[in-house]
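Several structures are given next for inspection.
Shared between the two complexes below is chain A, which pairs with chain B and chain C, respectively.
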Partner chain A sequence: MIGVELRKLLRSRRTWATILLVDALPTLVGVLLAVTDLGPRPGEGPAFLSAVLTDGTLFPLAALAIVLPLFLPIAVAITAGEAVAGEASAGTLRYVLVRPVSRLRFLVAKLVAVVVFVVLTVLVVAATAYVLGLVLLGDESVTATGATSVSGSSLSTPELVARTFLALGYAILCMLGVASIALFLSTAVQSSLGAALGTMAVFVGSAVLLTLDASDAIRDFLPTRYWLAFVDLFRDPILWTDLRSGVLLQVAYVAVFFTAAWANFATKDIAD
Partner chain B sequence: MTGDPGSDVAISTTGLTKYYGRFLAVDGLDLEVRTGDVYGFLGANGSGKTTTVRMLLGLVLPTSGTARVLGRPMPGSGRDVLPEVGSMIEAPAAYPQLSGRANLSLFDAMGRGSRRRGRAGRVDDALDRVGLGGVDDRPVRAYSLGMRQRLGLANALIRRPRLLVLDEPTNGLDPQGIRDIRALLLELNVAGTTVFVSSHLLLEIEQMCTRVGVLDRGRLVLQEHLDDLRAPTGRVVLRTRDVADARRLLDSRIDEADGDRIVVRRADPAALAAELVRAGIGIDELVAERRSLEEIVLAATSAGSDTFARPDRPASGVVA
Partner chain C sequence: MLAVAAIPVVPRLLPVDDTDVSAAELLAGVQGSADVGHSGYAETEGAVQLPVGDDLGDVGELLAGTTRLRVWWQDADAWRVDRLLLSGEVDLVHDGPVTVAYDYEDAQAVVTEDPVLRLPRASDLLPPTLARTALEDASPDDVSRIDPRRVAGIDAPGIRYEPSSDRTTVERVDVWVDPGSGLPLRIEVRASGPDASGSPDVVSAFEEVEVERPGDDRVGFQPAAGVDVDRARTLDIADAAGRYAPFLVPPTLAGLDRRSDDAAAAGVYGAGVTRFIAVPLRGREADPLREQLRAAPDATLGRRRTVVADGALTVLLTGSAGDDRAAWLVAGTVTPEVLEEAARALLELDFVDRDGDR
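Now for the complex of A and B:
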């Protein structure tokens, strides 16, 4: 079933259109930066963006920091929100289940497909940004000294590559959290649009609450709390506290919402 | 029910009941479909046919009662039973952006134990059976209603099932298409497939089925061999030009008379013919009366369940 879902994902024109759209924003940002030469000052704007004018190899990370807070979660919410509700309203769900495909396997396959979608998107974004950074943006510190860490010291290129992959992994885990919420909503409501919008409401709400001092008591449990903690991977030494909390929190979200999705779907009457 | 239920009962349910909230959709259903039957499952729209079909296939869980399909309990044994069941549930469905062929191979790849070997052959086979063998690579989005229906049937046939469960299989087909599908189903039945067809089209069932079950507002009101249901009623219908003479001769034996049509009670057609000839009465038509399935079903069911007349104002003139 996982193979079937992947075939459907990769063959769908919408998958690629979505990836291109997600990729468009960092690309635009990169081009604008290169043309105007006006970077944000350090400490302002998306992470790493102030550094890319001097070091273009950091642009993949900057691009990730641009798409992670909004674009990627929206794409994930739409894809995962459609998983069950979309198949149900298209009528294909009942034919899948009478094959038979077990309901648990169906949900797992859907989640795996979303993860693959996220990996593809992140890779495309990172690759485009890498090429763009190399061609258009600054190349001052690429060669001998290695890139500069956020803390100011230098990182060697292998270190930088390893940390970049860790950052990608962290971003994927965060998106898995979003996907689990969307998957649960997709089993609970009839319209895939409802599931997608509901998921967006969750992370927009979470982002709003994070800005309030009054929500101090719950802020550490909000789903978007540690999303941007991957920046800490580029400190020297790596600042693990937030990353560790982030991983635990996302794993908890995935476990809770995937279990809820399964509990809801396992005994659901497929009546449409 | 006789013998080993696995061998000669394809579907059996006991007290199968489904409530949606407080709405009773299916009420204590005792179905019995024998192996080799072409079973017609009749009922008005909303009488619970589709809910029953979905319970048989494990899509909807019964509130109470049990269902056995191919000798094993559903939905518990779905993973063993369903690979041997081909089904079409209400409308056919497919992934619209893919071609019919791609859809079939995708569905064939789902589920456990599906082999890649021979898949292309199975797909072509199923398409040939339903008359779509020569279809091009256009996406299903561009299919006509009839083509979608045929594709849905191909999807049901692809695993060469022992039991076919079809909900309204001829929806959207033209008369030629309906005849094709009927011929196909009968051919499959001769080859050993048990066929369970639900429909609200009486004529379709009458021309195809060996046994019928009639559902009315969630209850099974009739389950019989079609031949038994349509056995002669014992009355004889006579058409004659010599109406007055005939009425005088048959007088007390006449049940109904309407124009040139006279219905005679408890009569043997041959004896009656001889008697009429002896009396010099011309016979235009003389035939033992059989009830049509329509009459049987209408007699057994109440008004259609999509009729909601106000209790104080009976639905006069509404033909269910």
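Now for the complex of A and C:
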């Protein structure tokens, strides 16, 4: 079942088109930075973007900061929202379900496919940005002596690589939170567009609430609250507070919404 | 979902242990806590809307909104305070007479000698620093015990300071203290007025703290290769004005004593929560600031001065637009009447020839 879903995902032209579109924005930003040599002013623009002009190896992180707030969650919401509702609207769900496959396994296979999509997208974005950063951006004499941590100290290349992978892993986990909400909505509505838009409404709503002082009491439970905490991995020493809370929160979202998706789907009328 | 939401809430519901330590003992602990080694993570929340833009450094930003700080404090002479931003850091590393200010997004570190006079900066907002400043001249008779509170996992007994002076805008200061070391862990400052019983004007509290002297490697600054390190002669606008402006401020203003006795064109007057700063500004510095202050909804506008009061803070700027003469910026946690009195005296000052060029 999982193999079938993965093959379907990887063979789908839409998967690769989505990944390319997500990848296009940081690539365009990288090219523009290299051509104009104009970084964002301090305090403006995504994290790490002002630093990539001197150190190109940081561009994967800047690319992550560019796509994480909007592009990546939209792509994940569309892909995960499609999982069940897409089959339902295409009329293939009843054929899938008459096969001797438990509904839980079907749902798990869908989740695994979404996970693979998220991992693939994040890796493609990071790899493109790494190559772009090395070729177009940065000053090699600076890069050769190691990167600068956000706290101003030196980071050796192994440290930078390890922390970059931790950041990618963290971003993937955050996107799984989005995916589980989309998967739940996908079991609840008929149209995949509805599931994707519903998911977007959740994280756009969360982002809006985070800007309000009045929402202080609930802010620590909002799904996007700790998304950008991956920056804390590059402080010296690493500030674990928000990262720890972020991991716990995303695991909770995945557990709650995946369980809800399963509960909803297990009792779903097969006529759908 | 409820179970997840309960995880951070449950420890807060457990009763907080109180101790029978007296308010006077806690006050003495706070006042003597400058050399208590500690490290941790603190957040400050300011509700003082001061319309000053970037003209006064970070002051406006620090007083309004949330500031996230990481601190490693060996003693008053060796500490590091990192102000965490969403996409970077602005750090202060203090070593004896010198402070390094490092900005990640500028990839620059600026080294300055600590001046006698400067504008407030992030390190002044840390719970221990702010509490020591506010309770500097508090006497045991002015403080009383309040309910303990759990701060950063420590059951902290609290004291309330109600200043007896009618010249300050601060109604009361609540401080919760680590009973073992006297280190202030949380401080709430409330301004007098109709909102005095509402939410505090400024709150600064540790979210995590370890009361132990951090190692030398934590309080130093070893810049990476990509960081430009520069030296600067002056730290900020107050430091520059104090050194080079053609005035000498008097030892007393509005009945409050100056805090240092060197010859300078700017000064800080008063103590504790009854204090203000007086700085002369050139026309081109004063004009944009005046414009912003005048746009504040509750600004008092006059031909010769602009006064803005928000919560505990009062700001007065003399002069009017297009005036080439120096204007006096007088600001602090004192009533407008105190600042008006100080400004009148400052406007009487004669020009003085001073060495150096501003």
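Note that the second predicted complex is superposed on the first by the 265 of 272 C-alpha atoms of A that agree within 3 Å, B and C clash if a C-alpha of one lies under 4 Å from a C-alpha of the other, contacts with A are read in each partner's own complex, and residues count from 1 in each chain.
In the analysis below, a residue touches a chain if its C-beta (ideal position, glycine included) is under 8 Å from a C-beta of that chain, and two chains touch if they have at least 3 such contacts.
All values derive from a computational prediction rather than experimental measurement.
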Simultaneous placement of chain C and chain B on chain A, clash or fit: fit
Partner chain in contact with A:46 - chain B first, chain C second, else both or neither: second
Partner chain(s) touched by A:205 [first = chain B, second = chain C, both, neither]: neither
Contacts of A:239 with chain B and chain C, given as first, second, both or neither: second
Which of chain B and chain C A:55 touches, first, second, both or neither: second
Which partner, chain B or chain C, touches more chain A residues: C
Touched partner set for A:252, first chain B, second chain C, both or neither: second
Distance in angstrom between the closest Cα atoms of chain C and chain B, superposition on A: 29
Residues of chain A that touch chain B when the two form their complex: 1, 3-4, 7-8, 11-13, 90-92, 94-102, 267, 269-271
Contact set on chain C toward chain A in their complex: 1, 4-5, 7-8, 41, 70, 82, 84-89, 91, 102-107, 109, 207-208, 221-227
Chain C partner contacts - residues on chain A that touch it in the complex: 42-43, 45-51, 54-55, 65, 139, 142, 145-155, 220-221, 228, 231-232, 235, 239, 241, 248-249, 252, 256
Of all residues in chain B, those that touch chain A in their complex: 20, 51, 54, 57-61, 78-79, 82-83, 85, 87, 89-98, 106-107, 109-111, 155
